[in-house]
Amino acid sequence: MSTENSLLAISGLTVSFGGLRALSDVHLEVKPGEVVGLIGPNGAGKTTAFNAICGLVKPDTGELFLDGHKHAWPQPHHLSELGIARTLQGVGLFGDLTVLENVMLGAQKFSHSGLISAALGRTGKDEKVLRERAQTALERVYATGIADRRADTLSYPDTKRVAIARALVSEPKILMLDEPAGGLGQQDIEWMNSLIRNLTAQMSVLIVEHHMDVVMTVCDRLYVLNFGEVISSGTADIVRRDPAVIAAYLGASKVNS
Amino acid sequence: MRKRLLLFIALGWVLLFIGDRVDELRVYQGASIAVYTIAIGSIILLTGYSGQISLGHGALMAFGGYVAALCVANASLPLWFAFVMAALLTGIFGGVLGFAAARLSGPYLAGTTLALAVGLPSLANQFSILGGEQGIYLDPGLPPARLGEDFSQYKWFFWITTLAALITMFWLSNILRSKYGRTWRALRGNEVAAQLCGVHTGRQKVLAFALSSGLAGLAGALLVLTISTVSPSAFPLSLSFALVTGAVVSGIYDLKGVMLGAVILVIIPEIADSVASRFGDSLKIISTLPGLLVSALLILAVLFTPNGPGEKLHHLRHKRKAHSG
Amino acid sequence: MYKFISSLLIGLSLGAIYSLMSISLVLVWRSTRVVNFAQAGQAIVSTYIAYEVVNRTGSFWLAFIVAILAGALLGAIVDRYFMRPLFKRVTTGPIVAIAPVVATLGLLGILRAIVGFIWGVELKPIAAPVSLDGYSLGSEVLPFAPYNALVILIVAIVLIVLSLLFQKTNLGLSLRASAFSPEIARLSGVRVNEIRTLGWAIAGAAGAIAGILATPTSYLSPNSLDILLVFGFAAAVIGGLESMVGAVVGGLVLGLGVTFVSNYVSTSLIFPTAFVFLIVILLVRPSGIVAGKRSRRA
Amino acid sequence: AQAASQPGITSTEIKLGITSPLSGKVAAVYGKIPGAMKAYFSHVNDNGGVYGRKINLISKDDAYVPTLAVKATNDLIMKDKVFAIVGALGTANHLAALRSANLSGRGVPDLFVNTGFSGFADKAKYKTTFAVLPSYVMEAKIMAKYIDDNYKGKKVALIVQDDDFGLDAIAGFETAGLKPAVTIKFPTGADTVAAAQGWITGKLKPEAVDIAIIFATTTTSAAVLGAAAGLQYRPTVGWMLGSVGGDSNTLRAGGVPLAILNGAIGTSFAPDPSDTTDEYVNFFKSIYAKYVPGSTFDLTVLQGMNSAMLTVQALRAAGKNPTRAGLIKAIEEVVSATISRAPLPTNGLPTNS
Amino acid sequence: MSLVVSNLSVDHGAIRAVSGVSFTVESGKIAAIIGSNGAGKTTLLRTLSGLKSATHGSAQWNDHDLFSVKPEFNVRHGIAHVGEGKSVIAELSVEENLHLGAIWRKNKKEMKSTQLDVIELFPILGERIKQRADTLSGGERQMLAIGRALMSRPQLLLLDEPSLGLAPLVIEQIFQTIKSLRDQMSLTVVLVEQNALGALEIADTGIALNLGKVVVAGSAQSLLNDPAVRAAYLGY
């Protein structure tokens, strides 16, 4: 596998929990400007693959390449520096922070002021930078109107927007979305589709999703996991006709619709 | 930010002015309030912001108290330096402790800090330099002569503690408003999400614990100043509990109420006293009433203004607006 | 050798008492996710009641039963009229995490004040029901008397009865379900309020047993169970808070640790020992010796 | 006319204040002192008071915590405006109160402090403070001498509370040249039977001590003696109890078997409260029974009443128009003589109890 | 024999989440309740099971007044509710979660056989039976939640977005399962769904909510054919 021109690549990833093998020998890569989908039945190991990349689970074996160079599996708090941002399968907003504060937290890496200057109250400039970045990110998801609301008072679709804004604000090169459309209504799903497509100018997107409309619309390429193994990969059109994928995941009815 | 600084300076003037007008007992109480203000502030930082529970802040105050007393008694360092050392060394001690504490959460942390509160003071008897149960005398020295002849000791303490409290509250409110405060609140809410935002959660928890310890150490040193003596029995478990009470009454999440909490801690025993004297002087009442009142207050506070008087006022104001609007 | 065996026996007896208090804390934790600091207060009330019964009737065993009933009743009352309204009112904000801690501390203060008001601060004794004279081993008398054997026996019975109750009956599952997620438990037909109150009552009974068994080898005063609370809590934390076996293991570990340090290192290190034990054990196993598995994070 | 300007003195009343632990871990031991003092003052008041003035004792709880002692003392002086502090208790507490409230600087008489801490005798530092009990240092010295006279060369163990009280004892034994073979220091509150079993099996027995001195509160004595009973243990010569925890009445009430008490040596600087032949004991006892019915008369009560009696003597000595300075002077001149005439301390010799 | 909801209104503080809703579900039928985010679907279900109290209106299941007892007793009347968002108890094992569903029934044998049925329906649960529920994947948890509800052998099943986060094949299976539960055991189902198409395809009747009010109601087929419904909820 050539990992030269890929932004992110993993190879030979195996993860197990006790006796349970959640992923075995998984290869996957994401090229610049690409939207890559990771699909598969429930419990196939999609979130686990995300967790491995993010340092939330420790792989048994496997290598990670960033920009074509081999890289140690990162710690979760290093991701933002590495240009990787991720949303969680739940939503994972900080409930008692305002929307703006939530998003500012995602931009933390642009702040350089230390504890002393914070104590002296001299972080005004720094804060202003974060606030402006956060505002810009909220604009991109059309959520400026709710900037001052507490995150736990938001409607469900709004929480999804904010979660994405919080990921976007760190200006990642790779954005990892875990079920961004889950629980959304039809209109919001369409909005989400167009947002994701628009992002590709600045970043690559790796996406886990069960909504086939979303997957088929936005993804350039797909990997299909089943029982922790990649059973199929390629463009959406190839994958959706793969009998293995139909049998394991899509079911007969989806093929014709 | 400049506005806040001015506000604090103005507040300082007001307090000093008041300190000049009232009798000595009030001045002494004022000094106690200042000390509690700092101590409660340290709990608010720790519990309200970073979400860690400590039932052992009394022990950290003891640590600071001993540091300050040793600095003055053994090394003859000036008072202000002793206080800085108290804050610094207690902060470092807290940081070391925090390495263990940061891995613990909820009841595990509560249990460990509780054991600290019970265990640490009795360590003082192990080292003769700490003066055993009798403790060490912290000689505050006389107030500077230029303040005049009749400038009392307590007024001097009041000035020192109030100044310390104002400076601390200024710093603390700045930090809590900065990205640090935001980060702590975030990791309290969702640790994984905070990590994905680039927050090193372990380090941030240790930092919060260390800062909070430092403040507790400073408060301990100032407490020792007001009673001129540091001894193990000055930091009983009930002190640690009282601080938590004060923080809850203040609104655990809200630095604005912190003085209120401190005032209440000082005032409750007074009220208990006067009620007790009204019931004649039954020793049973004298000995049980203050405990009863503090406990009852604590319970009422959690039941009726769980998130502090600030939030309650906010609600009331909104209701009124809603009614009039 | 005598010293070693003695330390072992003392540690076990001490640990047995810690275990009882620890069990009662674990029970409340398991049924409502609350660390009940008021347990020392509840136990002191039931023990004073027992003291009155002993005084009037001269029967320890009658007092023992009355104490258990009183402890259970008090536990139920605390939950029904105190904790339940609290949980109803306190639902948002950072206070939620500490409200139970704070509230039970407050309750402890109130119960202690009431006890002080009724019975005063004078020390009250309760005589042991069986001999306090140690068994002998050859020519040596051991620090282990029929009374210590009785205490250990009772701890064992309590442990077995409660474990059976929890593992072999649906009660245990209901208790845990109500603690972790009242709403889902309710939707499954668990009578959550009653179950929680029952949990508090059982815990109150266990605490009452701890209180009355701790007293014959010391005195009764409004504060006499405070240390037991601290050590019982430390034991519960060491044991992992989740299991009753853990509580007993924690109690014994702590009892033995404290005794050995006191006998071999320094008698004045009792309290620091508890702290050091706690720190060391939690550094190795952050959620106790008998901890459940760590949960998945994302 | 002059008296009118004195705080706490009116034409009908003398206001005095006391801080002591009414709650907390040592309340069980010391909590009776203010009540005992009040009983004695009531007796005096009912018999005409001091030059027609009734004594009003205001009692505050300090829970044995220095911060609270400071607060209570400040309240007594500045809010209640008492004439003098009497019978304050607890070394660390009272040290803090003395220093912070600046009793000597303010000239507030600080009478008959109920602690044996030797430092209070330092007149340069504490000008207005008077201690009445012989210091625990003294008591320890006397015990040491007694041992030296009667049991020279025997192996001695010392069991003390790890606080000022115990440290004083250790210092006393040291200055008298008695080196205990075993010293057991324990933190307050850790004196359970289980702990005491540990001391016996872990220290006293292996070291084969001849005399074990318990220099601690009643709870400790009871725990140690109880544990000893269970272990059928006795030091070869016997137990020796200090005055504070050596009260046989309290011990027996706590269930310590009589057998173990027999032959124990007690030191007591006051007459034994169970001694019905002592006229002072009987006198105090009848007063206490009258004013605090239903409470047991024990050593602490005796101690409190004794302080109260001395206070009354001192007040009388200060004359019809008492001033703080006058009171202090009177004590220095007159009461020191009174004390030596009074039966307290009766004898320095241990009495068998 | 039917679920009758009449003139039901429910408030969240000042917000009226459900407003004057009436509908009837015949016994042994499936009713699909569709509507966009915030339409009040979850609130409606929570009110029916008793978790939330109604401001106005009534609901009857056969002779039983749903609002007269606490939720834990509604279960005893054969009403099971699967909450929104994987309603399982994370700290309990898969098996314990399942047992919980049948805990109020005393018959252990019956419980065992029901458990076998549930595992046959969702085989993955059998494989994970001893694992803690929080180690499950999102979809597995959803299956467990439904399994828990089925353990009580309900007559009326209230399902809140069962398809959320499930793979297409599993969604299809779940919908088929619901259908067969209806057909074989004459289970009555109130099915709240964002996935309007899938839901309406198996449902007998359909109700579309918007801002707490019923906007369209009728046979499922009629909703599927309604152009307004198609535009708003089906996306074609």
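Order of writing sets the chain letters: A, B, C, D and E. Residues in each chain are counted from 1.
Here, a residue touches a chain if its C-beta (ideal position, glycine included) is under 8 Å from a C-beta of that chain, and two chains touch if they have at least 3 such contacts.
Every value quoted in this text rests on a predicted model; they were computed, and no experiment measured them.
Engineer: Return the chains shared as contacts by chain A and chain C, ordered by label.
Structural biologist: Shared contacts of chain A and chain C: B, E.
Engineer: Any chance you could name the chains that touch chain D and chain E both?
Structural biologist: The shared contacts of chain D and chain E, listed by label, come to C.
Engineer: Busiest chain-chain interface by contact pairs, anyone?
Structural biologist: B-C
Engineer: Where the centres are mean C-alpha positions, what is the separation of chain C from chain D, in Å?
Structural biologist: Measuring from centre to centre gives 36 Å for this pair.
Engineer: Express in whole angstrom the distance between the two chain centres, defined as the mean CA positions of chain C and chain E.
Structural biologist: 43
Engineer: What's the distance between the Cα centroids of chain B and chain E, rounded to whole Å?
Structural biologist: Inter-chain centre distance comes to 51 Å.
Engineer: In whole angstrom, what separates the CA-based centres of chain A and chain E?
Structural biologist: Distance between chain centres: 30 Å.
Engineer: Two or more other chains touching the same residue: where does that happen in chain A?
Structural biologist: If we look for residues of chain A contacting two or more partner chains, we find 47, 54, 56, 88-89, 92, 96.
Engineer: Specify, in ascending order, the residues of chain B that touch 2 or more different other chains.
Structural biologist: 122, 125, 192, 287-288, 291
Engineer: When you check chain E against every other chain, which residues touch at least two of them?
Structural biologist: Residue numbers touching two or more other chains: 135.
Engineer: Considering the complex alone, what residue numbers of chain B touch chain D?
Structural biologist: Of all residues in chain B, those touching chain D are 23-25, 28, 32, 122, 125, 132-135, 137, 153, 223, 226-229, 231-234, 236, 238-239, 269, 273, 281, 283, 286-288, 290-291.
Engineer: Flag every residue of chain B that touches chain C in the complex, lowest number first.
Structural biologist: Residues of chain B touching chain C: 47-49, 51, 53, 55, 100, 103-104, 106-108, 110-112, 114-116, 118-120, 122-123, 125-126, 188, 191-192, 237, 241, 244-245, 248, 252-253, 284-285, 287-289, 291-292, 294-296, 298-299, 302-304, 306-307, 311.
Engineer: If we count contacts the way the header does, which residues on chain A are in touch with chain E in the complex?
Structural biologist: Residues of chain A touching chain E: 17, 20, 40-44, 46-47, 89, 155-157, 179, 182-190, 210, 212-213, 248-251, 253-254.
Engineer: Could you list, by residue number, the parts of chain C that touch chain D in their complex?
Structural biologist: Touching chain D: residues 2-3, 6-7, 10, 13-14, 116, 120-123, 125, 127, 132-134, 141-143, 145, 217-219, 221-223, 226-227, 259, 262-264, 266-268, 270-271 of chain C.
Engineer: Using the touch rule from the top, collect the residues of chain D that touch chain B in their complex.
Structural biologist: 22-24, 27, 31, 34-35, 58-61, 63-68, 70-71, 74-75, 78-79, 91-93, 95-96, 99-100, 102, 117, 119, 162-167, 185, 187
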